[in-house]
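When the chains are written out, they are named A, B and C in that same order, and each has its own residue count from 1.
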Amino acid sequence: MNTNNIQIDSQGKLRHLLKIDGLSRSHLTQILDIADQYIAYNQHKYSALDSLKNYTSVNLLFENSTRTRVSFELAAKRLGVEVINFDLSTSSIQKGETMLDTIHTLQAMHCNFFVIRHSENNIVEFIAQNVNHEVAVINAGDGTHAHPSQALLDMLTIRQHKKSFEHLKVAIVGDIRHSRVAHSAITALPILGCKDIRIIGPDFLLPESKITGVEMFRDMKKGLEDVDVIMMLRIQKERIKNTSLPDIQEYYENYGLTPKKLKLAKPDAIVMHPGPMNRGIEIDSSIADGPQSVILQQVSNGVAVRMAIFSVLAETLAL
Amino acid sequence: MNTNNIQIDSQGKLRHLLKIDGLSRSHLTQILDIADQYIAYNQHKYSALDSLKNYTSVNLLFENSTRTRVSFELAAKRLGVEVINFDLSTSSIQKGETMLDTIHTLQAMHCNFFVIRHSENNIVEFIAQNVNHEVAVINAGDGTHAHPSQALLDMLTIRQHKKSFEHLKVAIVGDIRHSRVAHSAITALPILGCKDIRIIGPDFLLPESKITGVEMFRDMKKGLEDVDVIMMLRIQKERIKNTSLPDIQEYYENYGLTPKKLKLAKPDAIVMHPGPMNRGIEIDSSIADGPQSVILQQVSNGVAVRMAIFSVLAETLAL
Amino acid sequence: MNTNNIQIDSQGKLRHLLKIDGLSRSHLTQILDIADQYIAYNQHKYSALDSLKNYTSVNLLFENSTRTRVSFELAAKRLGVEVINFDLSTSSIQKGETMLDTIHTLQAMHCNFFVIRHSENNIVEFIAQNVNHEVAVINAGDGTHAHPSQALLDMLTIRQHKKSFEHLKVAIVGDIRHSRVAHSAITALPILGCKDIRIIGPDFLLPESKITGVEMFRDMKKGLEDVDVIMMLRIQKERIKNTSLPDIQEYYENYGLTPKKLKLAKPDAIVMHPGPMNRGIEIDSSIADGPQSVILQQVSNGVAVRMAIFSVLAETLAL
């Protein structure tokens, strides 16, 4: 099954947004360029755009995520899209309805965007394979697999601070193995030209096999040397407890971003985090709130990028 | 208490939609005709109608139903109606407030449509008796009593496929006794001219007393003979287990709609189901997804019918 | 820490609405005058005002309150404000994110109004101290501390019925000690000129220390004598049970508003209650539904007052 074909239509246009894999540089930069325009609307008193007034978006969150849901909901509403929140914990799926029946029901109601978050990998692609020409599927995070809108907002944020991706050194730190954020970023960066990607973490949180073009570091101090961008990942405390690592304090000492470790990076390095943060575990509060942090800018960019995603996908829908 | 008077105003216009009983053919066809127009809007890129922009609808779901809630919410929003979702499980009713105080509070906030689903019969009528001229009550399903918007979307779907109701043979199969969908359909069909209605099911799921003008069948094969329309009902698995019927497999063999049984109906018979479906229990998957199924069309019609209900009721509100 | 400075900007304009303390009479009457205009819109078929179309409001309810949430949501939507409901019980805060990180995230998404209800005192002020020039914070009730929008709608209701606040006698009855409604009303009334405020309740529900300008009564019959306004408070049944008071029936006899006790007030006295009511405990049903009750008018006024609050605060935001 070639799932790339699902994302791209016969004219090469984006049809769904399921993952970064298989997208071209122009797919990515198209979204980033449109997002740039929307940022102006969001920063200033944006006038209602209403450009997608006839569209409906459904938030289908099988996995709890208020932060991402609100970002997509705001992005949709600021384009005039009607938004329906579909609480899966109280839905007909409980009554034994199959997921495809639920999807086809929403499709029959002429909903156009399905924003889906799911704890399992590949469910979102399965859904995309089963919708008609009126529906675009947007992966809002599935399992440990992909989180493409997060990758796009991360790329937008980097592009705002760094002249080019070509000579950029990017370090991603933490639980790489289970992170869809890391996976999506590692895929997006080379597409945009980045050639120096480092992933940093303890053995049990690094990928089980080598990733082409990505260097692995167990020693954070070595990995951070001279980098332009540091992407910190959220660590799940439960994961640390169930391993040989003695405790959270040791994790912080080895892999938390402290002022001392930050000094190893370039002086103008930016610090990113997808949120929500565990302050004092993977990142020191003084850095989270410090001058090199672009964490809240990532949040702002998230709304603009999602507006751009809706706009781009709307073009390929046949309504 | 003549509850028909509650639904119809002194000029014979629809004032609330509580049940099909007591409505005339012209009440039904008025809604169906308006719904026909809205289908065009929904199928194509509907432009925002905004015809009810000054109205507010409250979804008051005392009983969980995402599917019906979303259909009413979309219908309202596509007419420009503001929608408030009122989660009864977390509401003041828990704090000991009476239901009437909740209703009067929402009325004082100038909400115009109360879309109510309740597990008990007749609560919706009780509420309709206690609202003022600014509020129309819509029954979105109460107990085993009525589900009038479902009956209307079913009638619309039949009308789209069959020239007339006059010579139509309609079979309704399954748990007739506890089904508000069945009850509402059995009432609506004769109003529109249908003279041949058959209900099919095991003894313990058929009505306890005979319904005038409706023929009962325990043998599905006899009941389906030569029919134009088959309406399958959702079976609640719990109900089967607590009876003499050995198991679900036996129910499927006797009362599930299989390709073999479907052949007993007319070749152009349509198959309906209100959803959510139990595939492999009351209906075979090949039929649910087959060429005679109009199940997803029912869903689409649901939005249009509910738009029509809002429009018709808005005319009799005194704002 | 001078929290008054937080509410008022350097030009003396309302910047946040955190509590009544520290506001001037002109602050209050400005809101009441604007609310008066909105009442006309709400009573009649209000045309979409859309005057705040570029704004976004977030309902951040850390404490459950459907009634207040719906009132704020309707007020916002009737001005064209986009509304996001943020369910704190399922939010990232559960994942260990700090409250400030949540607030800053919503701010980075360019949300403009934070409507906050919290079970703890002073959290709302803490949040107001930590937002930027794009955000206004509205206290929708915090702990036993303040509920300023409730006080404003109460004042609006009194003003609609009584010529002036100057010679008004107002009795507040019930659980004064734990009531943010009582606290806010006791603060607002003198600002508008009221000089005769009485609080009535059993010892364990009266304030622990005297309030300047407020007379305390243990005997409801003495306290109600000749008053123009009676504000009944909601009693929490749990609170009665854990005290020396034998039971709810005794509370009703001593501090419930009965027809007999109501006769002690002026013949044109109005009866108020913030809702939800415990009928038969703090108030007799015949009074709640009787000619002197203005309880549902308070609800209607609530929407108009909240529209006015949004309008006034929007003026001081720098977008």
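The criterion applied here is as follows: contacts are C-beta pairs under 8 Å (C-beta built on N, C-alpha and C of every residue); 3 or more make two chains touch, one makes a residue touch a chain.
Being a predicted model, the structure only gives us computed values, none of them experimental.
K.L.:
Could you label the chain B-chain C interface same or different, taking same to mean over half of its residue numbers are used by both chains?
P.N.:
different
K.L.:
Using CA atoms for the superposition, what rotation angle relates chain A to chain B, in steps of 5 degrees?
P.N.:
120
K.L.:
Could you tell me the distance, in whole angstrom, between the mean C-alpha positions of chain B and chain C?
P.N.:
Centre separation, chain B to chain C: 41 Å.
K.L.:
At least two other chains touched by the same residue of chain A: list those residues.
P.N.:
none
K.L.:
Quick check: in the complex, which residue numbers of chain C touch chain A?
P.N.:
Interface residues on the chain C side: 53-54, 56, 58, 82, 84, 86-87, 90-92, 95-98, 101-102, 104-111, 319.
K.L.:
Over in the complex, which chain A residues touch chain C? Could you list them?
P.N.:
Spelled out, the residues of chain A in touch with chain C are 42-48, 64-67, 70-71, 73-74, 77-78, 237, 275-279, 296-297, 299-300, 302-303.
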